[in-house]
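See the structures that follow.
One chain, subunit A, appears in both complexes that follow, with subunit B as partner in the first and subunit C in the second.
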Partner chain A sequence: MSTQTLQPPAAPVTPRGRVLPSPVTGQELILVGVIAVLWVALALTTPAFLTAGSLQPLLVATAPIALVGVGMTIVIITGGIDVSVGAAMMVSSVITAKALVEQEVALPVAVLLAVAAGGLLGLLNGLLIAYGRVHAIIITFGTANLFLFLGLQIFGSRTVNGIPATLAFFGRGQEGRTLGLPHAFLITVAITAAAWWYLRHTAGGRHFFAIGGDPHAARLAGVRVQRRVLLAYVVTGLLVGLAACFLIAQGTSTLDQSVGSGKELAVIAAVVIGGTSIMGGRGSVLGTLLGALLVQTVTSGVTQLGWKSQLSDLFVGVFIIVAVGADLLRARARARRTS
Partner chain B sequence: MRLNGTLARGVAVAAVAALALTGCTKKNETDGGTGTGATAGETYKVAFVPKLQGVPYFEAMNTGGQKAAKELGNVEWLYQGPTQADAAAQADIVRSYIQQKVDTLIVAPNDPDSMAPLLQQAKDAGIHVATSDTDAPNSVREVFVNQASAEGIGQGLTDALMTAMGGKGKYAIVSCGQTAENLNAWIKVQQAYTKEKYPEAQIVDVVYAGEDQAKATQMATDLMNAHPDLTGLVGECTSSAPGVAQAVRDAGKVGKVFTVGLGTPQSMKPYLADKSSSASILWDVENLGYLTAWAGAQLAAGKPFAATNNVSSALPAVAYDESTKTMLLGPALAITTENVDKFSY
Partner chain C sequence: MTIAPPAPQPVAEPARESAAGRVLRVLLTQRIALLAVLIVAVVVTFFVQDAGGYLTAPYDFDYMSASLINAVPLAMLGLAELLVIMSGRGGIDLSVGAIVSLAGMVFGFGYGEWGWPLWLAIVVTAVFGALCGAVNGFLVSYIGFPALIATLATFYAYKSIAIVANDQQPISTPPIQDLYSLSGSVELPLIGQYIPDVPLGIFTFLLPTVVVVWVLLTRTAYGRRLYAIGTNDVAARWAGIEVRDTRFKAYVYAGLISGLVAVVTVGQFASARPDAGVSGSGMALPAITIAVLGGVAITGGVGRVAGVVLATLLVVWLNAGILLAFVGNEGAQYQLLALGTVLVFAALLNGLTNRRYGGSR
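Now for the complex of A and B:
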């Protein structure tokens, strides 16, 4: 990333004269195709895959991963990564769940609280990464353990019991849907669409790509790199907070310390499968949404087919390797074209 | 997870190294003392390593262990577990207790097979070893403190579910850790017992959700979709027991699909109340912790177990089976709306 400053700058305009990349990438088209084929295959082989009773919960389960995936995509586009999102989800969830039980707060207050908590944790990550100049994986690995400690302290060796149904608006049940569509998924789609437009059509959005491509060149071109990087982690934190509300809504009336555990890997998997380059500089939030949907389709599909549970891990692993492989091949092809 | 484990291991290595440096002289002092008969007034260090700490189940065991330490007077109760149900992180804690030369080391292993060589290592260091809650059958453990027999739990779950389902129909099991010895033993009993006693009932699938509540709930939902004629679900551990009930509630199938599970009383209370859960099968977890501490002290003192042991006023006759070296807490307990409030965890 940073060792390329001596190379001649790549042409900012692609050979056909487009400034913007195409609205939908090849990877996204492939994902749409794969998901469509899987849905049809599952509809034919299982009794109820393609029914509302099956698709609605599937979309609800996809939402928190895809939502945090929007922030993670932006972070990875800037050349960073955030492995603390699972632990941050735990902290946001336990604070919110406690407020729901002990203060009996209303839905908007709970959401604000969760988002504020997540935003603060994201701010801490962002400040350390943007101004501390240590690589993001080291910083967020450190903060992940700090957040875990913080979350366990708040849990205080007890589960949070008797969580009221205040957040059922985001849940799997009847209250969580309007016209048959789950609210959690609608919100995720809306935020993904907004982020897609912002990243593609505003100067601020394009700056994230510039930073991931070459931070020094971006700085020389007048991009305020540190502010942009800080923003990427804060946005991720805010979305972690909202996703924590989704998690509480789709969990049980008891919250235990396993909440959020391993979610950072699920989110990064969705981002990578969605075609975002782990090296930074390229990526799309639309792909991430499709990646999350594919992973959940496979997990639900494996259960509905009556296959062994661990097969879903195998399939997700294969998807990640194929996606990264495709990304490397594309990068090589590009390098050949420009040299 | 992976990275997490690596760091934990690094920290543990550093901690163990520090202990080794400071503990050299101490080691010689205690070497002669372990394994021999105890003199009156001696205090035994009994360490218990749960699958993970911070969850109500093992915290309740800890409460029972502390109570035993206070009442017995000759036990120093040590309790530490990993913050995630991770075999590697648990192994680090076990190693650190071996290094500390505790008198008795008791483990509820996350992975019985990888724990066995560590227990051998502890025994070689002159430490008495035992398992509680979950057994490591192919290890050198001297006793397994069993909360209830696999038959008791498996049959209790099956009978409770069959009462709700009317003795017939299809049901599925949402289990947790795929390598968890105790869960797998109970599932085997459920499968055999269902076949034998309820020929009109059938287990259609067993799935594994890990310790993830939301995943257990989603898998239960998927199972109901995969088998439209499903009328029962079992949540095999404390995270999937409320999970399967929540799935039934969310799908609006209360009264059509019945659930039972191994849930802690307080987490099951709302589901027992709206009948999305018919019953929770468990045992008195605090008493299990008490018995674990008592058994640890007996081992450290070199006293053999009798066929029937008077442990405390609450545990007047605990059975011990010499052939399997197993101590049995007692019969499984069905938790329903009537008795749920008797438990604080």
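Now for the complex of A and C:
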């Protein structure tokens, strides 16, 4: 038997073409179009709409939803969900408000406190979901009740009064703007951009998508699934803390018990309108920002047109159906092309 | 989302099991047994506290019976969630509370403003609820929306329509106010002297719903189909089951039950409130909690009527006791703590049971 020299295998052909999906999805382009149409329509019907006095509050109000939406997008990409963010916002904001009133803490301390509180609540969610191996929606329904209890206990009375204007940097006023743009919105855009880059261009970011696609395959491919899932909920918690600061700054000097109530559904609505698949594995934080902007545009537009403000919820519902329906149709068309 | 490394399969069952091990296995795998034990524990705890004088009012059988009025909407909506969660593929209905609000307004207009006879108003309200459920079912089953998204959207829509319908005002005309008498307690015939009076709603709404859902699930072909599509809808399709039609109907039935709950709620409040089912944390979350606590698997295909009923009793009697154990507003807050703890506990237990014994019944 002659010894055969083993041929080295041919160098693998470097795959040409895209590995990543295109930087901007169709859903996002449509959203930009819809928002543009709405803004033009609103500008034509109510002359006051396209003024700084109307757009600045719109951007300020978008910020907390879009910010928590960044975390929620990551959570949903991993195939989970977090319905406790509204209650967590309440806990974070009441702790911070109390610290502002009673300890008169400075701005950085207040922000750190809020973010730490939110992070801890997110850690609890993450530990239960990643290591308790229980479906996320059930656990977060449960922790939402626990957080509400915690928040109400800290509230003690119905309201926290006399909150100093320490957080005005994030607020609606003159101190809260640079070049006419609200700081809260700028920070949100910056964090969204960072998250967009992280999710798209780093291995750690791609792991979230892998987990959402198939957690078992991801584990076999060497992804530390439980740690990544834990991280997703902790990040959401940290962002909830920052959003709580925005909420305090946007309000009056009084914080009441309804703070954060119903915000979890608004955040989820923004995420799904932005084109993130609730089944996991697909989504974009850019879409979430646009989704939040769209929801807020509708809310603000309904009020400016002089309609009943509760009608905006109806439009939010319709937008969810249309956005997700369009996504379903595109997915069906994609499936037909490939098969 | 379970991300468990596959557990090593035990080669053979241990030949003998200690008595304690057997009790533990029964409690963990038989949700009914666990709930029964917990109910006894809760009731005994509050009886002891009552005897020790720690409660603000007596916790006795009369009080327990009167508190059952809260069980009527809770158990009915729990059964509605049972049907949709059982239907599988991430089935859930966030919109039941909003349907209660909206159908309640329909009932308020029909019976309170337009003077319909009571039976007609109830039938129309229930049918209207079923229509709202049909929208959910159509979106989920025929179009393919994830249930969470479809019912989140309809939650927003129904809630908004209910509030706008009468310009945020509740309807509480005299005929509606007279309905309050329906939510009183009655003495049962024959044995009534020996047991406490029972809220009328138990007999007029809750028991019929429980019986009908039980018969539907365990004694009809539809029930078997529902279990089949919830367990594995691909296999069910190959078995010749109309998967979409079956799932669609689960949402319709959930809407129908929500419509009936609307009538109960209007009677309890003596007014058709536009935010009846969505104020506070709404009615959907407690209903889902009840279903999960009652052993309904969120992945579908597993769930029993008895579990939901026992879970309701546990939560209602626990809440009733907590109200007496604290003064003023505190009680309502500790109810949140109890509900959250019980839900997290039940969910972790479900996970543990699945890993240790391969599922519960």
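Methods note: the second predicted complex is superposed on the first by the 313 of 339 C-alpha atoms of A that agree within 3 Å, B and C clash if a C-alpha of one lies under 4 Å from a C-alpha of the other, contacts with A are read in each partner's own complex, and residues count from 1 in each chain.
The working rule: a residue touches a chain if its C-beta (ideal position, glycine included) is under 8 Å from a C-beta of that chain, and two chains touch if they have at least 3 such contacts.
Everything numeric in this text was worked out from a predicted model, so none of it was measured.
Q: Clash or fit: how do subunit B and subunit C relate after the overlay on subunit A?
A: When both complexes are placed onto subunit A, subunit B and subunit C end up clashing with one another.
Q: Just checking: does A:252 make contact with subunit B only, subunit C only, both, or neither of them? Give me first, second, both or neither.
A: first
Q: Looking at A:304, would you say it contacts subunit B, subunit C, both, or neither? Reply first, second, both or neither.
A: Touch status of A:304: first partner only.
Q: Considering only the touch criterion stated at the top, classify A:49 as touching first (subunit B), second (subunit C), both, or neither.
A: First partner only, subunit B.
Q: Which holds for A:193: it touches subunit B only (first), subunit C only (second), both, or neither?
A: In the superposed model, A:193 contacts neither subunit B nor subunit C.
Q: Which holds for A:136: it touches subunit B only (first), subunit C only (second), both, or neither?
A: second
Q: Please work out whether A:161 is in contact with subunit B alone, subunit C alone, both, or neither, and reply first, second, both or neither.
A: First partner only, subunit B.
Q: Under the stated touch criterion, which partner chain does A:325 make contact with: subunit B (first), subunit C (second), both, or neither?
A: Touch partner of A:325: subunit C, not subunit B.
Q: Given the touch rule stated above, what does A:312 touch, subunit B (first), subunit C (second), both, or neither?
A: After superposition on chain A, A:312 lies in contact with subunit C alone.
Q: Name the contact category of A:128: first (subunit B only), second (subunit C only), both, or neither.
A: Second partner only.
Q: Which residues of subunit A are in contact with subunit B in one complex and with subunit C in the other?
A: Common interface on subunit A, subunit B vs subunit C: 141, 144-145, 148, 152, 265, 310.
Q: Would you pull the subunit A residues touching subunit B in the complex into a rising list?
A: Where subunit A meets subunit B, its residues are 46-49, 51, 53-54, 57, 61, 83, 141, 144-145, 148, 152, 155, 157-159, 161-162, 171-174, 247, 250-259, 261-262, 265, 299-300, 303-306, 309-310.
Q: Which residues, counting only subunit C, touch subunit A once they are in their complex?
A: 1-5, 90, 92, 139, 143-146, 148-150, 152-157, 159-161, 163-164, 167-168, 281, 285, 288-289, 292, 298-299, 333-334, 336-337, 339-344, 347-348, 350-351, 355
Q: Which subunit B residues qualify as touching subunit A in the complex?
A: The contact residues of subunit B facing subunit A are 1, 3-4, 7, 52-56, 59, 83-85, 178, 204-205, 207-214, 217-219, 221-228, 239, 242-243, 245-247, 249-252, 264, 266-267, 269-271.
Q: Subunit C touches which residues of subunit A in the complex?
A: 78-81, 128-130, 132-139, 141-149, 152-153, 211, 215-216, 219, 225-226, 229, 265, 268-269, 272, 278-279, 308, 310-314, 316-318, 320-321, 324-325, 328
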